[in-house]
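Chain lettering (A, B, C, D, E and F) follows the sequence in which the chains are written, and residue indices restart at 1 in each chain.
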Amino acid sequence: MRKGFGSIILDVGFRHLTPFLILYAVYVLVHGHYGPGGGFQAGALLGLAVVLGRVVQGQDAELGIGLSGGLVLACTGALIFLAIGLASLLWGGNFLDYGVLPIASAPAEARALGILGIEAGVTMGVMGVIIIMFDLLTRRGERE
Amino acid sequence: MFDGVVAYYLTGYTNWWLIAILLLIGFWGIVTQQNLLKKVMALNVMQVAVILFFLNAGQKAGTTLGVLRASEKVGDVSAYVNPLPHALMLTAIVVALAITGVALALLLRVYRSYGTLEEPEVFRRMQQQ
Amino acid sequence: MRKASAVVLVVIALLFIYAALDLPPTGDHEAPAAVHVSPRYIESAYKETATQNMVCAVLADYRSFDTLGEVIVIVIAGIAIVYIVGVSRPADEI
Amino acid sequence: MMELIQVALLLIQVVCAVIALTSRDLMVAVILFAAFSFCSALLFTMMGAVDVAFTEAIIGTATTVFYVAVIYRVERGSSK
Amino acid sequence: MNTEALLSNVPLLVVSVSAVAAGLILLLNRPGLSARRRNVRDLVGVVAALGKFALVLTMLPPVLAGGVVESAPLYIAKDIAFYFRVDAFGLLFALLSSSLWVIVSVYSLGYMRSLRYGHEAGFYAAFALSLSAAAGIAMAGNLLTFFVFFEILTIATYPLIVHRRNKEAVYGGREYMVYLLIAGQLLLIAVAWTHFLAPGVGFTPGGFLAETGASTLALQVLFVLFILGVGVKAAIIPLHGWLPTAMVAPTPVSALLHAVAVVKAGAFGVVRVTGFVFGPELLWALGAGLILACFAAVTIIFASLKALSENHLKRRIAYSTVSQLSYIVLGAALASPAALVGAMFHIVAHGYMKITLFMCAGAIYATAHKEYVSQLDGIGRKMPYTMGAFAVAALAITGMPFFAGFVSKWNLGVGAVEAGLPIFIAVLIGSAVLNVGYFFPVVFQAYFGRCLEPETHAVAAAAEPAVPAAATAHHNHPGGHAGQEGHEDQGEARPLMLYPLLVTAAAAFLFGVVPNFGMHFLELAEIAAREVTQGGLWSVGGGVSR
Amino acid sequence: MTAHLPILMAIIPLLVGMAAPLLVLLSAPLARGVVLLAALATLGCSAATLIRVLDAGRAWHYYLAGWPPPWGIEYVIDPLSGVMTTLVSFFALAALIYAGPYLEARRALEKGTFYALFLLTVGGLMGMCVTGDLFNLFVFLEICSLAAYALIAAGGRRSLVAALRYLIIGSVAASMYLLGIGYLYVMTGSLNMADVATLLPPLLDSPAGILAVVLIAAGLAIKVALFPLHGWLPDTYSYTPAPVLGFIAAVMTKVSAYALYRIFYFVAEAAGPVSATLEVLGWLAAAGILFGSIMAIAQRDFWRMLAYSSVGQVAYIILGLAIGNSLALIGAVLHIISHAVVKGLLFFIAGSIKWQTGTRRIADFAGLARQMPLTMGIFLVAAMSMIGVPPLIGFFGKWYLVLGSIEAGAWGFVAVLIISTLLTAVYFFRVIERVYELDKLRPEIEYGSEAQGLPSETSETAGRPLRVRPGTGGRLELPATMLVPVILLGVSVILLGIYNELLVTNVIQYALPWRLP
C-alpha cells in the first residue's frame, strides 16, 4: 500500500470519519460493562482506524505509529494487564483479584474498575497488533 | 410446521449436525487443498465450526442476551442466555485471529522464498535447492 | 485416494451425527451446561462485579486469566509477525 | 422460526465454505470467505452471543483485509 | 546360615577407586603432553590398581571367618538397593581381578609404549573403568546391581577392542557390541522378571527362586534368558562368535577380556545364576542342569578342536579360553559341592594361567612382531624367560599335577562323580589331551624350531625338559635384575612386560602346590560351595543327602 | 509472596517476555540480563513450589482472581506438575544461556522479539503444566504453540515451510482438543478438571463421551507426535535453530504427553472408552517406537536422525501410559524427565557441532573427537543413556517400563522395548564410530623402539585438518556460554541416573493417580 487509494474524496472522508471511529471505539470500551463490546472490539476498531488511514493515504502516512511504535503499544497493553494482576498481589489478593484493590469503596465496584483497567490494556494490545499485522503483511518484500 | 418426533429432532439437532458437517468441510479442506492459503482458510472454517459448537451449547430457547436489564440486580436464570460459552469463544476467536495472522506472515515468506503457494510445487523446489 | 478420503470423511460425519444425538437438544433449559456452572454468573454477576454485561464479567473477572492468555496470544502474534517478516536475516541459517 | 433461520444460515455457511475452498481464484475464495464470516456473525447474534458476533464482524473485516493484502503479494490462481 | 554381616564402605571404595582413576587419567590428558606428565598420568593407573588390591585384601579376614561384608549406599531403583554383598565367592573374583589388574597395568605400560597405538589416555581410562565394573560384578549383592556393572563392563571394553581403529578392530567391535547388547537386553528381561517374582531379593546361597511358586515353564524360560544373558560373555559354544573376532584388540586387552574381566564375568555370572538365584536343587528339578552340562561339555571339546587348527597364536589361546571357561560352566551345572569348588577355583586358576599365556603372546608380538604359531621357530632361544613362562602356563592349563589347573580339574572330576555323572570325567581327560596337542607344539617349536615339525603329541611331550629350566630361570629372577640388559640385546621383552608375566607364571605354579597361598583362593571356594549346597551333597538321584 | 509462588512461576516468563521488546530498545545487555534473571527466578519459583508441595503432602490449589473452582480458574500443583514445571524452567534457563552466542551479532529488534517469543513459550508450557482448567489448558497450549511456530521459522527458508505445516497441523490438533473439551462441557457443564472428574464417570460410556475422548486423544497425540500423526516432527526438528530446538525437543512434546496423562488419568479415570483408547494408543506407540528407530537408522543427517529418534522415544511415554499400572506410570514419568534431559542435550550438541564446524551430516563428523573432546565425551554419555546403559537415567525409565509390562503380562511390549534398545544402539554407534574415526582405515602403525625415548603422540593430532568456524579465533572447544549448559546436562544425566530412586520415591511416587496404591 505504498501509494494508497488516495483521492480527494477519500482523503476528506477519512479525515471526517476517523474522529468518529475513535470516539466509537472509546464508547465501545467504556460501555463494555453495560452492553456488548469491550476491550478487544475497541482495540480492533482503533487499529482498523489506523489501517484505514494507511489504505487511504498510503503507507507513508505513519500517523505516529510505526513498526516499533506498534510493538511498544502491543507489549505495553499486555503489561498493563499483567501489572493490574500483580497489583492485586500487593494488596493481599490472589492474582487478578481486583476486589482487593483500594480504588473503590466496595469490592464489587473495585472489580468493575479493575475490569475497565484490563480492558484498556487489551485495547492497547490489540490496536498495536492489528497495526503491526497490516503493516508487515502489506510491506513490499523482494524475492529471497 | 412439523410435529412430534421429527420436529423435535429437526429443531433440536439440525444445528449440531450442520456444525459437524462444517467442521468436516474445514478438515477436508486442510487435507485435500494444495494451496497453502486455502489450507489456512480451511483452518479458519474449522475454527468457526468449533466456536459455533460452543455457542450452540450455550443457547437456551426464548432467552435474551447476556446483559442484565438496568432494573434487575439478580438475573433470572431462565431469562438469560448462558454467558460462559460466549466468554470462552471470545478468547477462541481471538486465538483464531492470531493464528491466521502468523500463518499469513509465514505464507508471505514462503511465497517470497519459493515463488509459489502450491504445496507440491513448494516441496519440489525445496528438493531442488 | 480421493474416493477413499471422501468415504472416510462421510463415515466420520455419520459418527459425529450419531454422537450428536447424545447431546442435549439446542436450546434446552435443562442441559448440564445450563444448570451446572453458569447460573451463578447470571444470578450474581452484578452483585459481585457491578457489571451488567455478564459476558464481560465472566471474561474479565471470573475467567480473567483466560483473557490474559488471549491478550498474550494476540500480542505473540504481533511479535511473531515482526520476528518472521520484520527482521531480515540471512536466507539459510540454522 | 428462529431455529429455521439458524439452520438456513448454517446451510449458507456450508455452501460458502465449499465454494470458497474449491474456487480457482483466490480472490473469489476470499470474498466468499468474507460472506461466510458475515453469516457467522449473524448466526452468533441469533444464538444470543452479541459480543462474539461483534468481535467476529470486526475480525472478519480484519481477516479479509489481511487476506487481500497477502493475495496482492502472491499470485491469485490456485490449482484447484 | 550363620554368616555374619559386616557393614562397611570398602566395596564402594573398591569400585570407585578405579572409576576415579579413569576420570583422573582423562583429566590429566591433553594433546602434546610432556613426557613427565605422561608418566604421572600412566602412574595413576598403577597406583590405583595397588590401592584397589589392598582394599580388597582388607575384606579377606572377615570373609574367611565365615562372614560377609555388606554395603548398601543407596537405592538404585524403587525397592531395589544398590547393594554390595561380598561373600566368599565374590571376594574370590574380586581378589582375582584386582590382583591381576596390578600386574596387567604394569604390563600394559610396557606394551603400549612399545607399540605406538596412540590414544593411550582413553585406553588406560577404559581399562580402569572395566576393572571397576569387574569388581562391581564380583561384589554385587543383587541382580540389578550385578546387571548395572555387567552393562558398564560391556560398554567400557568396547573402546579397548576398537583401540587399533583399523578395519578388523572396528568389525570386531561391532560384532562384540551386537552379541553383548542383545545378551544384555535378554538379561535385563530376566532381571526384571526375577524382580517381579521375588521383589528385592538379593543373591542367596542355594537360590531363592524355588520359594516364589512360579510355574515350571516360567522358570525354564527365565533360566534360558539368564543363561543367554550371561552365557554370551562366558562364550558358551553357540554364543562364542564374538570372542575370536575380538582378538584384534591390543594384547593387554585380550588378557583383560579373557583372564580378568569379560569372560570371567560371564562365567562368574553363570555360577551366580545357578548357585545363588536358582540353586542346585531347582536347577536339576527344572532339568536345566544336565542340558547346561552337556552344552559345556560340547563347548570344551569343540573349542579345543578349533584351537588345534588355528595358526594365529592369540586366536589359538582364545579358543582355549572358550574351552576352559566351560569347565566353570560345567562345574556350575553339575552343582555338587566338589564341582562347585572346582568351578570356582578354576576361575582363579584359569585367570592366572591364561593371563600368562596372553602376556607372553603380547610380549612376543611387541618385541619380535610375530603373530602366527608358524613364525615362532626358535623364538625360545631369543626370549627364554618369556617362553619359559609360556611353557609353565601351558602345563598348568593341561592340568598337570602341581600346577594350578590340576586343583580345579581334580575337584571337577570328584564333583562329576558326586553328581552321579562320571561320564564328564572323560570330557575332562579328552580336553587335557587336546590341550597338550595345541600348546606344546608352540613351546616345542619355540625352543627347537626348524629342527622338528610339531606334528604329534609324542614329539610335543619331548619338549617338556625345557620347562624346569624356564621355571628355574624364573626362580632366579628376583635377584636377576642385573642380567636384564643383556637379555634385551638378545631380544627379550622389555622389563615392564617381562616381570608381570613371570610373576603370573610363578603364581600358576604356586597355586598348584599351595592353593591357599596368600589369598586363600581354595578356602574361599570351599566356603562358597558349602554355602551353596548348604553342607549337603545333592545328587541327581533324589534330593539332598546331608 | 510465597503464597503466590504457583502463579509467579507462570507469570514471570510472561511478564518479562512482554517486557523484553521494550527493554531491548533501552539496552540489549540489560535485556539479556533481565531475561536470564527471569528464567532463574522461574526455576527458583518452581523448585520452591515443588518442595513446598512435597512437604505438605497434598496438591496446592491456587484460585485465580479469587474465585473458587467451578466458576473461576484454579491452578493445581501436585508433585507431577511441580516436576514438569521445574523441568521446563530448567531447560528454559539452559537454552537461554546456550543461545547467547547465536544472538550476539543480531539486531536489537531480533534479539528482543526472540527473547519475548522464547519466554512466552516457556510461560505457555508452565501454564499448561499447572492449570486445573480444561479451557485454560487450551489457551496456554496456543500460547506456547504460537510462539514456538515463530521461533521455528527462524531457521532459514526450509524452516518456513516446516513452520507453516506445523502451524496448520498444530492448529488442527488444538481445534480437535477444543472440540473434545466442548463435548465434555456440553455433557457436564463444567470446565474445571476436578469438577469434571466427579461428574463425568456415569456419562463417559456414551457415543458423545467416546467422541470426546477420541478427539482429545487425537489432538494431544498430534502434539506429542505419536506415530501415525508424527508427520510434522522430522521436518520441524530438522530446520529449527539449535537453541530453540534444544528447548522444544526437550519439553514441548513431553508437556503434551503430560497433558494427555493428566486428562486421561486424573479427569477421565482410565475406564470405559478411555482404557480402550489407551490400548489403541499403546499399540500405536509400540509401532511408533519401532518406526522411529528404524527411520533414524536410515538418516544421513544427524539432526534428522535425532528427530526420528524423538518419534520413537516419545512413544515410550505413551506406552507407559497405555500399560497403566503404577510401575509403568512411574516409567512413563521418569522417561519424560530422562528423554527431556538427554534429547535436549543431544540437540544442544548437534547445534554445537553445526556452530563449530558448519556441518550436520554424519558423514562429515570424522575427527570431531579430536576437535571437541569434551563435548564429544558428553555426547557419548548422552548416547549411552539413550541406548539405556545403566546407571544413566535413560536405563531406569526403560527399567520401570519393562517391569510394568511384565507385571501387565504385555510381553509384546517387552519385546518392543528390547528391540528398540538395540536399534537405538545401531544408530548411535554409527555416529560414535564416525566421531572417533573408527571407520576410517588408518595406516598400520610403525613399531616404535625405546631408543628414541617416549613415542610422540603424533597420531593423536594428525589426520584431516580441523574445520573451525571463522571468527572463533581457532578455538577448539565451544564458547563457554554454550559449553556450560552442555556440561550441566551431561552431569545431570549421570546424577539423575544414580539417584533416580530418590526422585521416584520422593516425587514421582506421589504423581500417580489417586486410585493407584
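Keep this in mind: contacts are C-beta pairs under 8 Å (C-beta built on N, C-alpha and C of every residue); 3 or more make two chains touch, one makes a residue touch a chain.
Keep in mind it's a predicted model, so treat the numbers as computed, not measured.
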| item | value |
| --- | --- |
| Shortest path length from subunit B to subunit E (each step joins two touching chains) | 2 |
| Of A-B and A-C, whichever chain pair has more C-beta contact pairs | A-C |
| Chain occupying the middle, per Cα centroid | F |
| Between subunit F and subunit A, distance of the C-alpha-averaged centres to the nearest whole Å | 37 |
| Euclidean distance of C-alpha centroids - subunit A vs subunit E, Å | 79 |
| Where subunit D and subunit F are represented by their mean Cα positions, the distance between them in whole Å | 38 |
| Subunit C: positions in contact with at least two other chains | 16, 20-21, 23, 26-27, 31, 33-34, 37-38, 41, 47, 52-53, 55-57, 59, 61-70, 72-82, 84-86, 91 |
| Where subunit B touches two or more other chains, by residue | 11, 15, 21, 23, 27-28, 56-60, 65-67, 85-86, 88, 90-91, 94-95, 97-99, 101-102, 104-109, 113 |
| Touching two or more other chains - residues of subunit E | none |
| Complete list of chain pairs which touch one another | A-B, A-C, A-D, A-F, B-C, B-D, B-F, C-D, C-F, E-F |
| Touching residues (chain side subunit A, partner subunit B) in the complex | 34-36, 38, 40, 126, 129, 133, 136-137, 141-144 |
| In the complex with subunit D, residue positions of subunit B that touch it | 1, 10-11, 14-15, 18-19, 21-22, 25-26, 28-29, 33-35, 37-38, 41-42, 44-45, 48, 51-52, 55-56, 58-60, 63-67, 81, 85-86, 89-90, 93-94, 96-97, 100-101, 104, 107-108, 111, 116-118 |
| Residues of subunit B defined as touching subunit F within the complex | 23, 27, 30, 36, 39-40, 43, 46-47, 50, 53-54, 57, 85, 88, 91-92, 95, 98-99, 102-103, 106-107, 109-110, 113-114, 122-123, 126, 129 |
| Complex contact set, residues of subunit F against subunit B | 135, 138-139, 142, 146, 149-150, 153, 157-158, 160-161, 163-164, 167-168, 171-172, 175, 178-179, 182, 185-186, 191 |
| For the subunit A and subunit F complex, residues of the former touching the latter | 68, 71-72, 75-76, 78-79, 82, 85-86, 89, 93-100, 144 |
